[in-house]
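Order as written gives the chain letters A, B, C and D; numbering starts at 1 within each chain.
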Amino acid sequence: MKKAILIIQYKDQKGIVAAVSQFLFRYEGNILEVDQHVDEELGMFFMRAAWELESFSISKESIKQKFEEEVAGKFGMDFRLHFNFPKPRMALFVSKLSHCLFDILGRHHAGQLEMDIPLVVSNHPDLRLVVESFGIKYEHIPVNNSNKEEAEAKQLELLEENQVDFIVLARYMQILSGKLIERFPNRIINIHHSFLPAFIGAKPYHAAYERGVKIIGATAHYVTEELDAGPIIEQEVARVRHHNTISELVQIGQDVEKVVLSKAIKYHLERKVLVVKNKTVIFY
Amino acid sequence: MKKAILIIQYKDQKGIVAAVSQFLFRYEGNILEVDQHVDEELGMFFMRAAWELESFSISKESIKQKFEEEVAGKFGMDFRLHFNFPKPRMALFVSKLSHCLFDILGRHHAGQLEMDIPLVVSNHPDLRLVVESFGIKYEHIPVNNSNKEEAEAKQLELLEENQVDFIVLARYMQILSGKLIERFPNRIINIHHSFLPAFIGAKPYHAAYERGVKIIGATAHYVTEELDAGPIIEQEVARVRHHNTISELVQIGQDVEKVVLSKAIKYHLERKVLVVKNKTVIFY
Amino acid sequence: MKKAILIIQYKDQKGIVAAVSQFLFRYEGNILEVDQHVDEELGMFFMRAAWELESFSISKESIKQKFEEEVAGKFGMDFRLHFNFPKPRMALFVSKLSHCLFDILGRHHAGQLEMDIPLVVSNHPDLRLVVESFGIKYEHIPVNNSNKEEAEAKQLELLEENQVDFIVLARYMQILSGKLIERFPNRIINIHHSFLPAFIGAKPYHAAYERGVKIIGATAHYVTEELDAGPIIEQEVARVRHHNTISELVQIGQDVEKVVLSKAIKYHLERKVLVVKNKTVIFY
Amino acid sequence: MKKAILIIQYKDQKGIVAAVSQFLFRYEGNILEVDQHVDEELGMFFMRAAWELESFSISKESIKQKFEEEVAGKFGMDFRLHFNFPKPRMALFVSKLSHCLFDILGRHHAGQLEMDIPLVVSNHPDLRLVVESFGIKYEHIPVNNSNKEEAEAKQLELLEENQVDFIVLARYMQILSGKLIERFPNRIINIHHSFLPAFIGAKPYHAAYERGVKIIGATAHYVTEELDAGPIIEQEVARVRHHNTISELVQIGQDVEKVVLSKAIKYHLERKVLVVKNKTVIFY
């Protein structure tokens, strides 16, 4: 089903819901989902509305302008208008670990994720065969201390060429430069293998083991320049016990990582994630 | 904060959101929460809107008529209008088990549940002291095979006298007659100590033990004439293991019962539960 | 690491732990795991001990006889002795749904499951390519009302030829005959897509939707002749809401199915599942 | 049932299980629970065994010496011997928040916690009535910046007088001195209202709100001199959403705190918690 999705983040709510719903009603929009949220503390209003395009009496091309004229202009407010086609294009960055990669490819293959995957980028050659067996390009770009800049230039070129909309770091294990991050604001999703903000940085399962926690977790977040500090999209946890070794924590945690990352991708694809300051509003 | 809450359950959605939000905007309603849901299968539209009364330009007394004239009448639709004052009045029915009773009284005492508790009814005298120490009336009405009708007549009289709005069966262990149930449609909440529809009826923890399940649960539902078959409001579960005895299952389960029941009461109080056929829409 | 695993299920415990641990100590067994359980109700004692073979002073071939002579014989008790090599051989039965299959193959590929998969059997041709890309034989045996017996004869032949130790029904959707079940007692694991005993039989997600439950689940169990009534190995659940369609329940549920099934396989492989009457003792 | 409980934490396991179980068998101990754990990394062996005293052929008074002579002495190892009577005596330290206090008193009243509560200490007078209605002494000891030492001296005196075995800080909100902590090593349980090590220190719900986490938690741990850094006994979590205000986080979190704290008390009472370095082995 072809859908339009309208996102509003604005300082005030007075009359906006009425005006938006009036607009959609006037042009016979069959509303599929509407969600609102008011953040009293920030004095911010958030809204997401999705409706069927087929029966809508404004053509896809004219919606933006019409909405600007009839609604947004009057409030002096910004808005974003998305469509669920063409499908968003995702680049996957991976390293050697296959669990998140497999999981995403499996779900994509089963038709659960409405996106195209033109490209997998890796700093290692290991996962090439699997990726190519799904008919997806695998670009091996080695990264080391001396070639970081050059490697990233190559990555940017590939992202450009492949018209990539957003990036998923599926346990990529490399820190991206500010330049790359700025190019994809709130469009790079990372899976961190801990329940943030606990265990920021490298080797969180080791740190969890050392601290003797009884529950471990995983966190999907948008990448910002500060390490593991971007807006959290989704988190999940699993119980562990004293007899679990670090390698068992890793294995238990990987199951959590997969579920968390795929949910975050899904919310992102459906435009259900709104970022405000360093937090997310998620209309699931 | 004084609130009005509007509930709509109607066969069609076209224009309703626009009309309702226009109405609230026109009279300067400061919207606190709005939720909608469309059940495609049933062709039903559900809406709940809550707004501040203080700044609203229609007096509490006139809202109903105004909304009827300006909105509902045009759609030919029913609606319910609630206010969060005066507080709803709940009667608690208990037997000998104290865990749900204690939990509700504790939460009420801590100001978490916006209601009055004029009355606790029990078929046993055991919990009188605790209840009275909270300044609540305790009515001991013994129930046995020969006096069921009489006992219920007495209960109905007390419910009437105390202007009770809804009833919570906090492990009451007696089956209510159709007559009493009809008097409080979707206003009697029961906590059943299993993950329904598994283990309907008596001794569910024993049945769970026999079946060797790895997870047990509890279910809060509205009472209907069919045993343990009414609309489910909330469910929660807990993990158990082979070494847990029945009495351990009971203890683990009681923690779940308390949490489930108090959530169901909260949703009910906030008018967040809409019943359709034998299911609930819950706007939490 | 090469391990021996001893399993005891016996009517009495008196002195058994002492005798077993004395035996292992005498022959310098480096104990890795020991678990016991007493079922007071049944008057049954359960024990599982795993130890390193390398440093053990009895050869693999002689352990059984030695233990019989020095320990088991004195108590008149049965026992089972397993080794973690050669790896158990699993046959996977699938139909058209790929999620459990993918998940198992992915884990196997990542080295998480200590077993060989000589054979995948399916009543449909759909998943052949994926399976073969992992270097595993795919046997397409169509099943319909008229050829059930014949199809099963063919299956049994393949199981024999491939020296299969146990079978996993990864959403196979066909009911096995008593004959096949008897051939693999407590060695056929099925994943049922509900929180048993709720929603036995076909279309449990539809039934869950109809009943309006707030939590759905999945159950891995050993297959017995009574449908969905065999000993439960593992269960897990996920929360759902009123707005989830049946197809969303399916998708949410599939994530649960995968996790539950892979845990059950793991427990089975590690000989951590002991069956008593229709229940399991699981030493995880 | 009268029980003896033996706890061993020792550098090596070789032969210990055999010797202990032989000892218990020799004197006709009816074993109720035995658990072992080996920490490979630390080269440490942990064991807990519980058995019925009634049928045991050594008197309560002589067990320690006999076990020393016949087992422990040979290994040169320490051990601890406990009995489940007389009941351990717990002092509760509270401030103004009642939820954990109510929960513990409710469970104690229902017979779930095998202990005596001679004493509740508080720096505020607020909860006196509730505590006294359960027949428990309430000692109001105000604490401020100028009287800390004096207040603690008074507390220590009361703990002494009332022969207190362990202390539970049920949201006491004051930092104890090193002197008091040393007096009760691994015998002071605190409930911290976050999922440690995230959000150490004051106002963790505020911090969780600021960070935009999707899950909040609570942690029960033994108190050490470093703030919120002692060995973790139990943790649990609950899901939250963007629309939850801080006060809703508090309310959701309090339900988690109660469950976590009562589990920790239970494990402690049953001598199921073994501390090693800064971690716990928990034989539940």
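The working rule: a residue touches a chain if its C-beta (ideal position, glycine included) is under 8 Å from a C-beta of that chain, and two chains touch if they have at least 3 such contacts.
Being a predicted model, the structure only gives us computed values, none of them experimental.
The equivalent interface to B-C, defined as the listed pair sharing over half of its contact pairs by residue number with it, is A-D out of B-D, A-B or A-D. Bringing chain B onto chain D by least-squares fit of CA atoms involves turning it by 180°, to the nearest 5. At the chain C-chain D interface, residue numbers used by both copies make up over half of all numbers present, so the two copies contact each other through mostly the same positions.
Ranked by distance of CA centroids from chain B, the top chain is C. A count of C-beta contacts for the chain pairs A-D and A-C puts A-D on top. Chain A and chain C have CA centres that are 36 Å apart. Centre-to-centre separation between chain A and chain D, using Cα means, comes to 42 Å.
Residues of chain C in contact with at least two other chains: none. In terms of inter-chain touching, the protein chains here all touch one another pairwise. In the complex of the two chains, the chain A residues touching chain C come out as 98-99, 102-103, 106, 109-110, 112, 133, 251, 255, 259.
By the touch criterion given at the top, residues 37, 40, 195-199, 211-215, 217, 231-237, 241-243, 245, 278-282 of chain D touch chain A in their complex. Looking at the complex, you find that chain D touches chain C at residues 13-15, 17-18, 21-22, 24-25, 31-32, 34, 36, 38.
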